[in-house]
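To keep things simple, chains are lettered A, B, C, D, E and F as they appear, and every chain counts its residues starting from 1.
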């Protein structure tokens, strides 16, 4: 590689401009909806913290793999944008399949911009492992993805967005987190539920 | 760690809301100015691509270290916000020192939120290596930091922001990139200059 | 119907919040990207003006049908959001099919919110006629859809957005307009091209 | 008409950029305040649904006329912008007269951009019928105008905007809706009040 | 006055949320359009600099009066909002009269919120002197008002907004500045024209 | 002065684009965060009202001095931007010193743009008096600075921003106001607390 892969980098930069459409469904102002880049950044840092913590407990974690997955896990949205999950959910099982197929084709197009087939294959392999959601590394990233959502819901509520409007996405994400099968997930969930309850109760105490 | 380090994560989420003040200096609308999170995301992915490319050329790169540095390199801005570089530049050498001291103290406060002293030390060590800018890993991240800026300038110009208003930051970043001492940097610079010139010439040809 | 169809109206209101994703692809700031509602409004008024003009030339036009189509033509995006056209284009013919299927299912879900099967069928019929693009009424709405895009491109350029960045969408829409098979379309195209050229030439003359 | 009426269409496009000033009075962020186009779109679709429903109950409705009125009812704001209603209200009866005169002159200027005197007269006639508010068609549009406001208030509250800040505009619009003299209006009002109360009570039940 | 005049202060705070509608007419994004407060601030500081400079040249200037006028000169817009000047201009001489009457009534309502008739009268007197535009103090404020507009046009062009779209407002304001009858105005105009030309020529030289 | 001090005026215009970073810390959307100019405008008008009221009570106030201070009190932020107060607070006493030194150097750089050393000295003297916070005039401006913050908090809460998120800044500013040593400050505080309590209680009464 004598030259930087400008096509790939242009696609990468586009993620800064694409809002996460889920938030718009849940009535976050589109001006406040974070970009895909912002989300992916938080997921990567959260995944890093989880990985390092597990390591300190003597679990073996391939941190490089975790971070590659975290950084790439929403890459396809540079091409597909953020297809309304509300709609795909309504489609049921077929929706998930459609989404998976759409994303797979998008990824294969995007990595071709790297102009480096070895690297392309490596990136695709990481994303396939993430989709399979079986390796410990992929489960860490799925957990981090859910944690970022829950933390972001707390943030939006702290701004003034309505708890009840955000309730469905909170519940859905909580259940997603539970299915990551990380044994520390229960502790987290309890802590986050606590933080959310505290948010509600504070004004009550004050009055 | 039974519970997630909520204090650290709250500080992390704040980076999504902090605009990169440099863009405001260069007259990017504050609504279009990217967040610190968005920027750090791009830096991490660019650093990943550089690292993998160097590896394929048989250079030894500690990719995990590269990514940790990239993800954390602007963490201190969660506390300090993005202090106007224009001002610090005006202060001269003292400005750099002030900035360094401010950032160091901010980082040590932020990592204390991890409630895990081993992990804190690891993060601080990565950031010190980044500041020293001597290891190959740190130079990759500095190069990625500069590349993201240059790519973002191209993006803003493609939107319609004025080339001449952005000229000083382009020149300054170009020179920063040169000082990273990565042998492929010259190739990159040529390619990016080309892309920028093409942006200008297209309308001329059209007319 | 004793009560207003709140479910349908809630879906309708959502269109005010959904940005037209195409503009984001073409580097319009997401803060400046119009909503689906805003676009559909212009399409309806343009279609009204075309219809009335054709009528004054003694053509028979079912204006009610034209307006119903225009008002409903992007209704499905309330559920599907605005799937990146860039992506569907990349998928080729399959992309169009996928889009059509997704939209059809979305529409049938949305009209069920009317809680009035006769009205639902009427709306679906209008939308099918629009998709078929054969009746004079549907061709008027397709032309109005293209005209609004071209006029909006001119607006964005007048703000300062770059002509060259918008060139591909201009060309594509121009060709869409030609395929509407309205005999006055050629006159329009000439006039709009003129307006766009004038935009470019003005500064040249001024200098 | 050999050429499209560009002057009229430019005025039409401007409505996409004009925020509804009423919302700013009631402390909706100006970034979240909808455009005049967005509002007019909803009014037209709501008016369409009302008309079709009345038809199914064997009432005769000139739907074409309803939609023309709905699409044009705020056209004058392209020229006058959205003069603060708070102020005109304060002026009392004189305020309404001033507003009416200002709008009439604006409309006559705007339709001259159609370069087609027959069509101009038709549009002016529709708008006069709307102002007179006597024909069933005009009353449907006035009702739709009020309904869109009430639905939008619910939307803003669902986002997190304060109920009490929006109370005065809710009450005022409710009374406007009652004066439309549509026999189904009472049913609607009850249903909307219910939806609004539910919004308030949900958190109470939750706690 | 034992209590702060909250009614007046609430009206004052509203000016922070009211965009200057003139910019929207000239196709500045409504997100970038400054508030009435922002504009009035600049006018006050510019008026202060002019006053002090004249003083240093031994002219007698009542700086307190200048600043009171500058701070209050757009106060009425808190109630009237920023009525489209484009429209009032179209109304001709009657437009100016309507505007003057509307503003006078708004001001008298606003100052009543001070709950202090002496202070109210003082404020009204300052605003009348400003409208009369005869005293040296009022002419300084009118000049500052025009200068802020010209400087803001330069700012918007530096961002990337189109020169040609802003040409009419530039010309109109230049002529307004000339009519302020301040002998230093010619020097200013020359300097500002120079700055604007330089903006245009820079890219030319570069190419 | 034959020419306007363009360098100074460019620095002045920049204040319109710089958001008050404090609000971002307290989770106000950066799109809703007011500019430094907007804030300074309100401070100046509030200081004017306080001054005039004291005068009517036969206190001697140099209103010109008050307004000069109010207009210039945040001028340095044009260069330094709004350094995160949260951070400086964390630094403790050293933080205040660092801030003071940074601001002093920024001011001396900014006033050099006036190209008029007499005027520069005058402006610097006003700002030093403001920092010393001893003269009655400076205490009026400090009180106005605090009052604008409290009034703005009420505004944000009326929009829907959370009371509890804003509690720390309310308390801190209240205590700042108390330390201004203006005998009418206690009355104000009571009135503002009342207004804030009413905001909370209204919905309770309503239910």
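Everything that follows uses one rule, which is that contacts are C-beta pairs under 8 Å (C-beta built on N, C-alpha and C of every residue); 3 or more make two chains touch, one makes a residue touch a chain.
Remember, predicted model here, so these are calculated numbers, not experimental data.
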Worksheet item: Taking each chain's centre as the mean of its Cα atoms, which chain lies farthest from chain A?
Response: E
Worksheet item: Computing the C-alpha centre of each chain, which chain sits at the greatest distance from chain D?
Response: B
Discussion item. Sharing more than half its contact pairs with D-E, counted by residue number, which one of A-B, B-F or E-F qualifies?
Written reply: B-F
Worksheet entry | Type of chain E:chain F copy interface by residue overlap (half), same or different | same
Fill in: chain C and chain E, separation of their C-alpha mean positions in angstrom
40
Worksheet entry | chain A-chain E separation of Cα centroids, rounded to whole Å | 48
Discussion item. As a quick test, compute the distance in whole Å between the mean CA positions of chain C and chain D.
Written reply: 22
Worksheet item: Which chain C residues touch at least two other chains?
Response: 27, 29, 31, 155, 159-160
Worksheet item: What is the complete set of touching chain pairs?
Response: A-B, A-C, A-D, A-F, B-C, B-E, B-F, C-D, C-E, D-E, D-F, E-F
Response to the item:
Contacts from chain B onto chain A in the complex sit at residues 1-6, 8-10, 12-13, 15-16, 31, 34-35, 37-38, 40-42, 44-46, 48-49, 52-53, 56, 63-64, 67-68, 71-72, 114, 116, 118-119, 122, 147, 151-152, 155, 184, 187-188, 191-192, 195
Fill in: Residue ranges of chain A touching chain D (in the complex, touch as defined)
27-29, 31, 159-165, 200, 204
Worksheet item: For chain E, which residues count as touching chain D in their complex?
Response: 14, 17-19, 21, 24, 27, 30-31, 79-84, 86-87, 90-91, 98, 102, 105-106, 109
Worksheet item: Which bits of chain F are touching chain D when the two form their complex?
Response: 29, 31-32, 155, 157-160, 199, 202-203, 206-207
